[in-house]
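Let me give you the structure first, and then I'll get to my questions.
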Amino acid sequence: MFDNFLFISSAALTVCGALAVVLSPNLMHACTYLLTSLIGVSGLYVTLSADFLAATQLVVYVGGVVILMLFAIMLTGGNDNKSVNKFGIEKIAPMGNIKTFTLAGLSALLMALVISKIIVNVTKAVPKGELPPFSSTVEKIGELLITDHVLAFEISSVLLLGALIGAALIARPRKIES
Amino acid sequence: MNETVVTFFSGSHPYQVVTELLTRYLGFNATGLLTVVTFFVACFVIVNVMALVGGLGTYAERKISADMQMRQGPNRVGPFGILQFLADGVKMIMKEDIVPKDSDKMIFFIAPILCMAGVFATLAVLPFSSGFTLTHLNIGVFYLLGVSSVVGVGIFLGGYSSNSKWSMIGGMRGASQIISYEVPVTLSIIAMVLLGGGLNFKDIVGAQGGLPHQWFIFHNPFTVISFIVFFIGALAETNRAPFDLPEAESELVSGYHTEFTGMRFAFFALAEYVEVFVLCGVAVALYLGGYQVPFELSDTFLLHNKIGLPLGPARILGQLLEVGGFVSKTCALYYVVIWIRWTLPRLRVDQLMTLCWKYLTPIALINLVGVAFWVYYFDGESMWNLIFKSGAAAAGGH
Amino acid sequence: MITLSSYLAISFLLFVCGIAVMIARKNIIAILLGVELILNSCAINFVAYTRFVNNNLDGHIMSLFIIIIAAAEAAVGLAIVIRFFQIRESIHIDDATQLLQ
Amino acid sequence: MSAYNLNVYMPVVILVAIAIVMVVGALLVGKLLRPHNPTALKEQAYECGEEPVGSAWSNFNVRFYVVSLVFIIFDVEGALMLPVAVVFRKFQGIGNGAVVLGSFLLFIGILVSGIVYCWRKGDLDWVKSFTLNSYNEDRDQIAESKTA
Amino acid sequence: MEYTLGSILPILLGPFLAFVVNIFIVKKWTKLGVFLSCFGMFVSLFYSFRIFKDFVFGKYSTGYYVHKVFPWFDLKAAGVSNFAVDMGIYLDNMSAVMLFMVAGCAFLIHIFSTYYMAGDARYGRFFVYLSLFTTGMLGLVLSDNLLSVFIFWELMGFCSYSLIGFYYEKEGAGNASMKAFMTTRIGDVFFLVGILAIWTTVGSVRFVDIYAAIADGSFNGLYAVGLPLATFAALSVFMGTIGKSAQFPLQVWLPDAMWGPTPCSALIHAATMVAAGVYLSLRMYPLMELGGITTFIAYIGAITAFGAATIALVQTDIKAVLAYSTISQLGYMVLGIGVGAYNAAFMHLITHAVFKACLFLAAGSVIHSLHDHHTHGHVQEMPRMGGLRKKMPLTFIAMLCCTFAIAGFPLFSGFVSKDRILGDALVMATQSKAYWIPAFLGFTAALLTAFYMFRMMFLTFFGEPRDKDLYDHTHVEKLSWNRNLPLLILTVFTLGGWYSGHFFGGWVKIPGVEHKEWFATLIEKPRVENFKAYKSLPFGSVDTGADRVFEESQFNPDKYFTEKEAHHVHLVHAIGAWASIAIALAGWFIAFMMYSRGAWNPGRWVNAFSGWYRALQNKYYFDDLYVKGILQKGLLPFNNLLSRFDMGVFDRYAVDGWEAVNRFFYRIAKWVDDVIVDSVGVDGTGASVRFFNVILRTFQNGKIQFYFIIFLVVMVGYIWKLV
């Protein structure tokens, strides 16, 4: 009962958020809608009994990536010229125009055709299993992280290091040698 | 096992009787319905209590600051002015709701909701007692971190949406301050999780005891520093003085909620006060023994078999004792927070960032490593245990 | 009845939305939003499969690393955007057609 | 249905719902009680009584971004370290504490080198040596190189 | 027996981790880095002493060894059958003694270097190399197979290259480092060939497997390039020794190695680099024996010992004398191997390491204090020294003791070991005529050794100062922990009693003290038959050794002889011992007469043997031979020949002829070009390019979203096909 409610509400949140991201003409609003979509995904993780992932989704995406995006919007949105949009160069172009939306719609349709075909085939192949009982995943993930996936664990730290150094290097204003 | 307030009650006789009766009269299995109702009632109670806490927080703040400044403070409404917050509430709801013309209306509406939702969602795992906690999630602390990070987004959007320069600066400052101080706080929490061996508050609190030497704060030298780091970080995360730069009245008028009037402002304020309470509660649960009562007085077995109370009242009394322990410790911390606000001057923004990144974060990292080494070398024994053991050995033990 | 296909459908919708965002938008940051959507849809797929098909936690680990990579990607990507904006005073994707400056 | 199910998340949903209902409800109820007579002056953003010049949504300093960048890296690091921290004592119990400690320390060490880098490069300084000047110079140089 | 990895690996990891950390920190935090290096060495010393104590004086019997193995790579999975290489640790008495010696000497040299190198511009970098160098040697000693021996061997080669060329601003240092590197490389190539030869036969390169194979007779009946395989392999491996330990044909690099800072010379000449070659030969002794090349080895050793000693007679540079004495002493060790004096050779390795390290450090101490105020350099020339014993008494004592040791005076360590080698050489000579020459050369070299060492002593420390200015500017030596302490500690260990058990020779017996010949008891030839039932243990397991407690060996030199033979051997040994003493005294006497009393004029000898003198000064023209003979006469003409062929034949006929052919076709082509290509081809191509350009430009527009759409379309096509 509650499972279904949680699933449906999270799914609705996710999908509606995603659609709103597509349709919103305002970048800041799109980012807010992305936030709701991400929270919905977190709810979906909960229904899949991936509780740790749900929390990670909240911490990393909501607390991190979205704020990063918001900051980036504010850092790039400054232009006092009134003839342009708040966040772009031209009024319409940054958030798309009829041409791009048509293109996007066509591509999305194309993808939809293909992926629906995949999904149909896959669901035929996979036996319809009941949901296994809900269980906690934190300890199991911890064990996996230091046994089977220890290399990935360590390498991810290297990845993060690279991202940190690279991004700091790029974002830092510096003098360019001519 | 994931325990909730429902599992606590569902073991009791009256609850089962009610379930049976309802099932009989309604014609379907009423377990689910009763679960929802129980949860709803519990949530409602806790939300109301928290609203009360928020209200009393403002009152306490004013009264304590008055005490410190040798003034009277609010003293007209009710005895000692204790009903002042109700009067404030009424005033708030009667105020005109002004939405700036150039503002982003949608986000202007959403921002307080994000703050409120983020703060209230943290209440779900706040461990008032072993039974009366809404739910002991397996990812308790981590969940709390994730949900409370929504507040940062709320503050940023609040500052952004009003299209006022003060608000914008306040919002940027608030968001960057909150995320910055989340780093040392997270690192301190990881150290405690290492000691407690679980993210669940029940595990962490259960690993501690009722007496101070069993608390994690005095577990080893690192945890003391860890507590200080956590506490400073919590102050900054809730934008409390001396870290109230996002709403620094002398610089930014009123910071990110400059343009919010009436109830919208009230919600921001309420969210802040409740968040302070919640973070004090987390500090208590992580470091100060949580709901543990000294000498295990709250033990149902003790109350039921040794003292002779009936089972039901014994359980309830035990839980109430635990709630009392938790709330009293939390209120003590709350007092410290207010005390700090009226004692220390506000930091400058560069000092704020320096404190976070150049002092607290390295200290928290070293602490984390230190705690990990402690757990490794002493097998998780607290320093008191080691002292007692070595003392016993010196006194002729084996 | 919640089945694998319902999750697949959601991730499918998310994916398509992401693609649409990536093509329709001319704002680089908005395009990055689309990338996030696509990454999330993949992560949902991983978790759903691991839940319904083999019920171990490998999919969770995979999703965890997707989240990590998404965070790193967002950090670096946005840094590039900011740098680009500093140089070009624009975040229009069609202004970013040349690698050199 | 066992007690071990998704019901544990019910309070979360209820609390969030209460929060939303509270805000919306208070605003709706307030609408009936409070006065509503807006004027142009009232609806202007308050900037100490002066007329606002331009939009507030303007370009901000990069330092906010660098801080949030370091933060997100640590955020992810925390998310990865928590499960390991949880199982540390368990592995310690079966005598494998050293392995976990080793990988844990290696993980931290690699990231610490990152923050040390940022520290050395001055990314953690709020008041940086580079300010608008170098930024403008930068732009001028690019403009020159473009024209040349 | 409880040797877990935790008690063995720190030996290697101490200096290695110091090296790794130092790479990063030493430039900035030099003092900390130097301390780390020394501390890493101390850790190594501590653990190796523990092993030394347990193995040599502890409860573990002689035949005991620890062998821990872990798989390095295994190609079975990749389809290559039976190709798996294991790495491992092999510990027995010999490696225990060796480890302690290496770690001890290296530690003291580290300490001394803090005195010697302080103030140098590359003070920190020196320690980086030093740590890595020591790691290489320790790793080589701990290795259980030839492959990892080779790896560490090359690691040392690299380090010696860096250390010899440490002052790379000086041209000589750069050349010397390259010379050392290239010369040893020749030996290394042969060594690698030897490893491969062994691997093809045994299927493994572990020592224990090789021993087992020798015991099983796996080498019998196999031939390679006309030689029995065992001989071939033994020769190849011995070539490695020749290169690394600077034996007769490849000895040229070692004297030049003194271009490096003196402490590193001490390390290269004493404990590490050159010792590695001899150590390898000792490890592979059963193979040499099987290959029947012991006589060859004896000759090589004797020639080296004698030749180097003669060259040392005429050197005036204090370090050069020591360098040639090193070659000479290495020759003794190899001679010992050749005449079957296994443990005497090994003992000489150890004793030589100790006194040679001490000698070099003492020389360093002398050189460092002699500062030329005109050239602002240190003075190494003996003619400018003299009378220094008053200025630096502690160094003098250390150097004197070492000189006694190397000259083979009784009571000192050199006597104990060298006498045994010479004694055994004499025994072999009485049994086989072929050994007369090595024995004779050995005894002669002993005489020369005593002579040139005392010559060095007299020139340096006795008499009147020959360069008054230099002498007056030299400070009187002050006792300092990092200058004198390493010297004095090493000096203590130049006493023979530490090695033989008899502090006063065999004659004076202290009542109540058991004289135990631990060295002779515990170090013995690998008895290959013991390894037939060998079973290796997985890496990291606790080695209980229950299945490998071998028969205790009691030192009994008569064990292998009948009573009559034993009597003969004893007699010959006694003769050899007395002869050694007499020879050492004679050497001292000649030097004394020449350089202290001045009774005999060395110049007369020079005049009398002026041809020999020039030959000696030019090191028997070996460098000239290699450079002018082999390189210039052999390789350079070959090169020239090739180039002449290139210019004369190839250029003239092939290239020029081709040109003529081309010129003909050019005429035809020009016409075709003008008429067909230009009008039709070029213009047409231009038009078509312009046409495609229009199409392609729309694709190559730099717009990411456009690319993305293309990508999507292609992907959709693929998926549609696949699903």
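Note that the chains are named A, B, C, D and E in the order they appear, and that numbering of residues resets to 1 at the start of each chain.
Following the convention adopted for this analysis, a contact is a pair of C-beta atoms (placed from the backbone, for glycine too) under 8 Å apart; a residue touches a chain by one contact, two chains touch by 3 or more.
All of these numbers come straight from a predicted model, not from anything done at the bench.
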Return the chains shared as contacts by chain A and chain E, ordered by label.
C
Where each step is a move between two chains that touch, what is the least number of such steps from chain B to chain C?
2
Larger contact count among A-C and A-D belongs to A-C
Looking at Cα centroids only, farthest away from chain B lies chain E
From chain D, the most remote chain by mean C-alpha position:
E
Cα centroid separation between chain B and chain E, in whole Å?
68
Interchain centroid distance [CA atoms averaged], chain C/chain D, Å
19
Distance between the CA centroids of chain A and chain B (whole Å) is 29
Chain centres from averaged Cα atoms put chain C and chain E apart, in whole Å, by 59
Residue numbers in chain B touching two or more further chains are 2, 36, 137, 142, 145, 160, 168, 172, 175-176, 179, 182, 198-199
Give me the residues of chain A that touch two or more other chains.
2-3, 47, 49, 52, 55-57, 59-60, 63-65, 67-68, 71-72, 74-76, 79, 87, 100, 103, 107, 111, 138-139, 141, 145, 156, 160, 163-164, 167-168, 171, 173
By the touch definition above, chain E meets two or more other chains at residues 705, 709, 712
Which chains touch, pair by pair?
A-B, A-C, A-D, A-E, B-D, C-D, C-E
Within the complex, which stretch of chain A touches chain B?
1-2, 26, 28-29, 32, 35, 39, 42, 51-52, 54-59, 62-64, 66-67, 70-71, 74, 136, 138-139
Sort out for me which residues of chain E touch chain A in the complex.
705, 709, 712-713, 716, 719-720, 723
Which positions of chain D touch chain B when the two form their complex?
3-4, 7-12, 14-16, 18-20, 22-24, 26-27, 29-31, 33-38, 40, 42-48, 52, 55-57, 60, 64, 67-68, 70-71, 74-75, 78-79, 81-82, 85-86, 88-90, 92, 97-98, 101, 104-105, 108, 112, 115, 119, 124-127
Residue positions on chain B within touch of chain A in the complex are 2, 32, 36, 104, 106-107, 110, 137-139, 142-143, 145-147, 149-150, 152-153, 156-157, 160, 168, 172, 175-176, 179, 182, 198-199
Once bound in the complex, which stretches of chain C touch chain E?
19, 22-23, 31, 93-94, 96-98
